[in-house]
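The letters A, B, C and D name the chains in turn, as written, and every chain counts its residues from 1.
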Amino acid sequence: MTPSLTIEDLRVSAGGVALVRGVSIRVAPGVPLTIVGETGSGKTLVAEAAMGTLAPELVASGRVVLGDAASEAGDRAARRHLWGRGIAMLPQEPWLALDPTMRVLPQVAQGHRFVRGLSMAEATARAREDLAALGLSGAATRFPHQLSGGMAQRVAVAAARAGGAPLLLADEPTKGLDSDLRSAVVALLRGALLAGGSLLCITHDVAVARALGGEVMVMLDGEVVEHGPAETVLTAPSHAYTRRLLAAEPEAWANDAIPGAGEELLSATSLAAERGGRRLFEALDLAVGAGEWVAVTGPSGCGKTTLGNVLLGLLRPAAGQVRRRAGLARTRYQKLYQDPVATFAPRLDLRTALAEAAALHGVPWSQLAAMLARLRVPDALLDRRPDQVSGGELQRIAIARALLADPVFLFADEPTSRLDPITQQETMAALREVSRERGLAVLLVTHDQAMARKVAGRQIALRAA
Amino acid sequence: MRGLRRIAARGHSPARLMGGTLVGLVVLMAILGPLLVEGSPTRQDLSAVLDPPSADALLGRDHLGRSVLVRLVHAARLSVSLGAATVVAAAVPGILLGLLAAWAGGWTDRVLSGLGDAVLALPGLLLVLLVVALAPGAFWPLFLGLSLAMWVEWFRVTRAASGALLASPAVEAARLLGFGPWHVLRRHVLPEMAPLFGTLAAFGFAGAVLAVGALGFIGIGLRPPTAEWGLMMVELLPHYDEAPLAMLAPALCLFALVLGLQLLAGRDPR
Amino acid sequence: MRRPPLLLLALTLWPGLTLAQQPLRVVAPFHVESMEPSRDGFNFTRMRVAETLVGADDGGLPVPQLASGWTLSDDRLTWRMTLRAGATFHDGSPVTAEAVAASLRRARAQPGPLANAPLTSITADGPGVVELRTSAPFTPLLAFLAESSSQILAPGSWDETGAVRRLIATGPYRLVGFQPPFRFEVERFEAWNGGPAPAIARAVYESVARGETRALMAESGRADLVFTLDPAGTDRLRRSPRVEVRVMPIPRTQTLKLNAGLPQFSDLRTRQAVSLAIDRDGIARGILRSPAAAATQLFPPTLAEWHVAGLAPLRRDPAAARRLLAEAGWTSGPDGILTREGRPFRFTLRTFSTRPELPVVAAAIQESLREVGIDMQVAVVVSSEIPAGHRDGTLEAALMARNFSLVPDPIGTLLADFGPRGGDWGAMGWASPELIEILATLGRSTEAAERAALRGRASTILQAELPVIPVVWYDHRVAISRRLANVSVDPLELSYRIEAMRWAE
Amino acid sequence: MGGVVRALLRRAVQAVLVTVLVSGLCFTLVRLLPGDQALRVAEGRYGYDRVTTASADAVRAELGLDRPAAEQFMAWVARLAQGDLGVSLVTGDRVVEEVAYQLGHTLLLSLAALSLALLAGPALGLFAGLRPGGVLDQAGMVGAAALRALPVFALGIGLMLLFGVTLGWLPVAGFHATENLVLPALALGLGLAAASARVARDATVAATSAPFFGFALLRGLTRAQAVRQHVPRNAAVPVLAYLGVNLALLVEGVVVVESLFGWPGIGHALSHAIAARDVPMLQGTALSLGLIFVALNAFTDLAILAADPRRRG
C-alpha cells in the first residue's frame, strides 16, 4: 500500500541551530504513527513541516511526499493546495479553533462547500451527516461555547475532515483534557483510521501512544531516538530516554504512599460548597493528620479546587465547618498552584520576591539558599522574572517559597499537570522528600488516578456536580 | 537599575516616541516659553490689528493687536497645567475609591459603583456643561466639572483592574504567606496598573484640553482676555481669511498636544 | 470651478427659469421662536408678511402703510387712522376697522412699547377708520404704531387664550412654511394692493447665529441677502464677485453704562476719566474697521435731529484722564492700580455675546483702563443680567448696544433710559431733573423750533454728564447677491424691502 | 434570550438614572445660578433690548416663578410622571412639541454620523488590518490618529472652509435639504469613524491571527474565503463595543456641531436653554440627549448580542 505521507531526512534549523535533525517518517493508511516527546523535542516542527506551516524564520530541508505529490520541505507553498484535500490537521485545544460567532453546522459545512465545491444545500446536508456519525446531531445549531470539550474535539474532527483529506494530523489532541476524555479522543482518532484514512499523532502523553497502537516514534532534542511498533517500543524500550519516559508515567512510579497520619491538623465536618449557586459537594467529612498525603480526584468542575480553598479558609463553605489546629498561625497552611507563573508578581525578579518573603518570616537567606539548592534550583535563575523560568523550575521555587512559612499543611492544586512527564516526576519527588522530612501534610488535587493511587495514602473522589 | 530595565522591557514603538516628542515639545513650550518670549499676553495695540508676522511679533498679531506668539506660549502653560490639574483631581479620588471598592467589595463597592454609573449615565460634556453653567467663564467650575466627569473613568478602570489583580493567584499566594495590604498594593497591584494609569492620564489630559476648547467654542469656556488655545481659535475664527496663521497656530498646538498624548497613550483602555 | 460644470451649464441655458423658480434667500442672526408679534414679530414685518398702520422713511418720519392717512384732533388727544381701501387679509377677508382695532388692543395687552403709551381707547369708527385716544398729548404715537409688535393681524390669528396660532396678516407676502426657530418661507400675496405687485414670488428667511457662517453663505452664493455681517467678513466679501456689500450708519450706539451710585463713579471726573481713557479711534478702526464709527457723542449723525454738530467731541487723552483721577483723590497703588482710602479702583463690566463685537470691544476698553490704573474685569453674561443687575443694584458697569430706532422716534427710547430712576439700558444712579422735563415737553410739543432746541439741550446734558459713555456708532452691513436688482436697505431695519426687489437679468 | 432581557434591563436602569440625575441636577443648578430668571425669560421672549423690569414682573406672575423652588420642582416631577415636560419659559410652547421637532433633526444627524462610523470606518479598518504594516495600513492609521486628535469644532471649520468655501460644493449652513446634512454629519462622524477604523483594524488583525482563522485555512479554505466567513462578524464585536463606550463622544459632539452648523436639533436648543435659564426646556433637552444616549447604548448592546453568541447565555 502506498504511504499517505513520507518525510525524508527532515532538518529544521533556526539561526544555524538545528532544531530537528535527520527525521524520516512514513505514515501508511490504517496504521497510526505517534511521535512522542517532551516540550522542545521538535515533534511539533515535524508536523508543521508536513503541513508547510513552519514559521518563516525557520530553515527546512528534506523531502515531503503527500499522496503522490512530492515537494521540498522548505517549500511551504507547495502543500498549501492540499490542505483540507490531502492533509487535514486537527488543532490543539479545538474549542479555540472553532469560530465562536458561528454555529457548528455551517462550520463543518465549510469544508464540503469550499473545498469539495458542493452547493450550499448539499454541503449542509453532508455536514449534518458528519455530525450525526459522530453522535452530534443535537449540537448542529449550537455555538462553540455551548459545547463540552469532548464535543468540541469531535466537531473539530468533523470540520477538519470535511474537505475529504485521507491523512489526519493531530498535534497534542489531548492537551487540556481530563484523563477520562482522553480515551474518547483516542477512540475518535481510531474512528478516523477505520474510515480508511491514515493518522499522524504528536503527543507528550505515552498513554495516548499506547492506546492508539500502530507505530511509535520517540523524539529527543530534535532527533528520533527510537522507532518501532507500539507494543515493542512501549514494553521493551531500547533507548535510555524511552525508558525514563516510561518510568515517569505515574503508573510506573514506586508505590510509596506515606500512610502515617500524625496529630490532626485540619478537620471538616458535613462540608458543602457552591459555585454560581450550584452545589458542588455536600456532607463531606474529612480530617488530615500531620505528614499525611490525601488525594482529591474527580472530573473537571466537580469542586476539587474549591474543596482545597475552603479548607484553607480562602472560600466560605456553604454549609459545615472547617477546624484548623488551634495555636497554629494561618500562614502555616500553604498552597501550591497549577500555574506557578501566575503566583509571582510578574515584573519582579524572583530573588527580590523570595527575599521579601524570607524577611517576612524571619528566615535567613542562607537557609533559603540551602533549600533552593536541595530542590536543584540554580542560583542564577533567581535574577530572572517568573515568566523567564521553566514551569518545573518555577514550581520548585514556589515550593521553596511556601516552605518559608514553615507550613504543616500544603494544598497542592494539580501542581504538575502542566509539566512534561519527566519533570512531573522530579517535581513530585522533590515535594515528597520535603514532606517526609518535615512531616508536612499534603492535600493533592489531581485528575490522574494513577498518580493519586501511587502517592496518597487516602483518596477522596468527588463526583461530577 | 530595575527601573531602567522595566522601561526597556516596555519598549517604545515609533508612535510612542513621536507622541512623547510632541508632548515634550508642548510641555517645554509651556515651561520655558513665557520665560523666553517677553511681553504680556494681554498687551494690545489697536493700530496693529491682525498684522502679519514681524520681528517683534513672530507669529503676527491678533484681532486686538496682541502678539500671537506670546499668547500661544501662555496658553500652552494654561492648557498643560489645567490638563495636569484635572488629571490629578480625577485620578486621586478615582484610584483611591476604585481600590477601596475592589478591596472592600460588598456594599461599599455597590454604593461606589452605583455612584459611578449615575455619573456615567450622562455623557461627560453634558455634565461639565451643567456645572459650568453655574458661572460661565470662571476657572473653578470648569475644573470641578471636568474632574467630576472624569474621576469615574479612573474609578472604573482601577476597580476592574485591581479587582482582577486582587483575585489573582499571586495575591492569594502573597496573602497566604502572610503579606499585608501594603505589600500587595506595592508589589502586585500598583506596578501592574502603572501602564494603565499612564494611558488613562494621557487620555484624560487630552480630553480635558479638548473639552476646554469645545466649551470655549460654545461660549462658556474661560473668560477673555485669558490666553487659551480654544478661545484663541474661536476669537480668531472670524478672521480666518485675513490672519490664517493666527487662527491656525493655536489649532496646531492643540492638535499636537492631543495627538501626542493619544500616541503616547496607545490603545484606549476602555 | 466652484460648482459642478453640469449645473453651470444649466444655469447658462435657462437662467430665467432657474431664477424664477428659486426663492429669495434672506439670512440674519435673529431666531424666530414663535409667531407672537411682541416676541419675534419684527422678523415678519421685515420679511413683509405683516404690515403696521404706519411705516417710516429712511429719516424715521412716518409714512402710510396699512393706514393711508391720519389726522390728529385739535386737542392733540385723538388720532384717526384711515385704512387703505380694498386691503385684505391673507385669508381673503377684508381689513375692517374693527379687526384692526382688535389687533391693536391685543398688541397693547402684550409687553411692548404700545403698552407704555398713554392710550385710553382704540375703537373702530365705521368700516374704514380706527380712532385712538390718549390721556395726554403724545407726539410719538405714530412711531409707536410703526413698531413691529403693533403689526395688524386678522382676529382669526389667535385662539381664545390670545396665543397666535396662525399668522393672517396683510403684507405683500404671506407665510407658507414655519420651522422655528431657524426658518420660515413666504410666498407672494397676489391680492396685496399697497403698491406695485412684488417681482419675486417666493422667499425664505433663515436664522444663522454665527457671523462667519453668514458671510460664507453669501460668498458661496447660498444666500441672496445677508444682514448683520461681521467687520471681518465684510472685508472678505468685498472681494467676492458674487456679492455687493453695503455699509451704512444706523441709529445704534455702543455705550458704556456706569453705575453712578457707586463711590468711584458718582464723581463726574471719574466718568470723564473713563471716557478719556477709551481709544475710540482704535476700536473703530481696528475692531469695527470703520474709522467714522468712533462716537463723538451719543447720537450718530444719522439721527440728524438729535446729533448736535457743534458739540465738543469726545476724545482720547490718557494724560488728562490720569489728571482727573488724581484730582478725584485716586493715587497709584503698588501694582499700578489706583487706590483711594485703601481701596483699589476695580470693577466688573458685564457684557454679552449676542453681538459678537461687544466682548472684543470690552477687552479693548479693559486694556485702555488698565493703562490709566483702573482694573476692570469683564464678565460675558446673558444680556438680561444687565437689567437684572440694574434693578437689584449689583451692576457696576455694562457694555451694550442701544438702538434708538426701535420705536422709529428716539424719544421713546430716551424716555425709557433717562427717567427719574434711570433705565435698564440707560442711566444708573444718575438723574437730571432738567432732562426729564425736556423729555416730557418733547412728548407734548409739536412746534418744530421748540422741539429742536429741546433736543439740542438734551444732547448737551448727556454729553456733559456722561451717565452713559458713548463708545462707537454702529454700521449696518449687508451683503447683496449680484443676482438681485433694485435693492435698497432700510437704515432703521424696519423692513428688508423685498417686495421692491427683482432678479437681475 | 436572557442576555437581551438583562441588557435591556440594565439600560432601563440607566434611563431612570438619567431622568433622576437630569431633573434634579438641572433644577438645582439653575436655582443656584445668579440673576433673575424672570428677566432672562423676558429677554428671550422680547429681545434683549426691550426687556424692562415691568415685563419681567409680568413673566414672573404668569409662570409662577415666585413660588418656592421645592414647589416648582415637585410640580415639574409630577407632570413629568405623566409624560408632560411642561412649557418652555421662553417660547411658551410645549417642550414636548419643541423637542419632538428637534429630535428628528438630531436623530437624523446622529444616525448619519453613526452610519459613517459604522460603515466607512470599519470597512477601511478591515482592509488595513488584512495587510498589517502595508501602505494602506500605515497611511490609514496615521490619518485616523490625526482625525481623532482634531477637536470636533476645528474639524467642522476645516470642512466648512474646504467644501463650503474653497470648493463650493456643499452649503455651510441650513437644514432643509439632504446636501445640508453632509458637512455636519462628516464633522460629527469622522472622528468616530477614524476611531472605529482603528479598532476594526486591530480586531481584523486579531481575527486573522486567531486559532479559528488558522484552522479555517488548514481545512482548505482560501484566505479570501476564510476572511469572508470569519472576519467580519468577529471584528464587529470589538467595533460595536468600542462604539458603545464612545457614544458619549457622539452626543457631546452633537452639541458642538449643531451650534457650529446651525442645525436645529436638541444640542443647539440645549445651549440656548442654558443661556436663557429655561428650566423646562433645559430639562427637556438634557433629558432627551441623555435618553438618546441610553437608546443608542441599548441598540449597541443588542447589536453586540446579535454578533456575539457568547454573551447571550
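Everything below uses one rule, namely that a contact is a pair of C-beta atoms (placed from the backbone, for glycine too) under 8 Å apart; a residue touches a chain by one contact, two chains touch by 3 or more.
As the structure is a prediction and not an experimental result, all values here were calculated from the model.
Without chain C, the rest of the assembly holds together as one piece through touching. The chains touching chain B as well as chain C are D. Among the other chains, A has the CA centre that is most remote from the centre of chain B. Chain D has its Cα centroid nearest to the centroid of all protein Cα atoms in the structure.
Two chain pairs, A-D and B-D, are compared here, and B-D has more C-beta pairs in contact (counted per touch definition above).
Distance between chain centres (mean CA atoms), chain A to chain C: 87 Å. One simple way to say how far apart two chains are is to compare their mean CA positions; for chain A and chain D this gives 50 Å. Mean C-alpha position of chain B lies 22 Å from that of chain D. Chain D has its Cα centroid 38 Å from the Cα centroid of chain C. Among the residues of chain C, those touching two or more other chains are numbered 381.
Of all residues in chain D, those touching 2 or more other chains are 34, 259-260, 275, listed in ascending order.
Touching two or more other chains at once is no residue of chain A. By the document's touch criterion, interfaces exist between A-B, A-D, B-C, B-D, C-D.
Contact residues on chain D toward chain B in their complex (touch as defined above): 13-14, 17-18, 20-22, 25-26, 29-30, 32-34, 145-146, 148-154, 157, 161, 195, 202, 242, 245, 247-249, 251-252, 255-256, 259-260, 270-271, 274-275, 286, 289-290, 293-294. Contact residues of chain C toward chain B in the complex are 211-212, 230, 232-233, 235-236, 279, 282-283, 285-287, 353, 356, 359-360, 362-364, 366-367, 378-381. On the side of chain B, the complex with chain A involves touching residues 2, 6, 168-170, 172-173, 176-179, 183, 187-188, 191-192.
On the chain B side of its complex with chain C, the touching residues are 42-44, 46-47, 49, 63-65, 136-137, 219, 223-225, 235, 237-242. Those residues of chain A whose C-beta lies close enough to touch chain B in the complex are 312, 314, 329-331, 333-335, 337, 339, 342-349, 353, 356-357, 360-361, 398, 401-402, 404-405.
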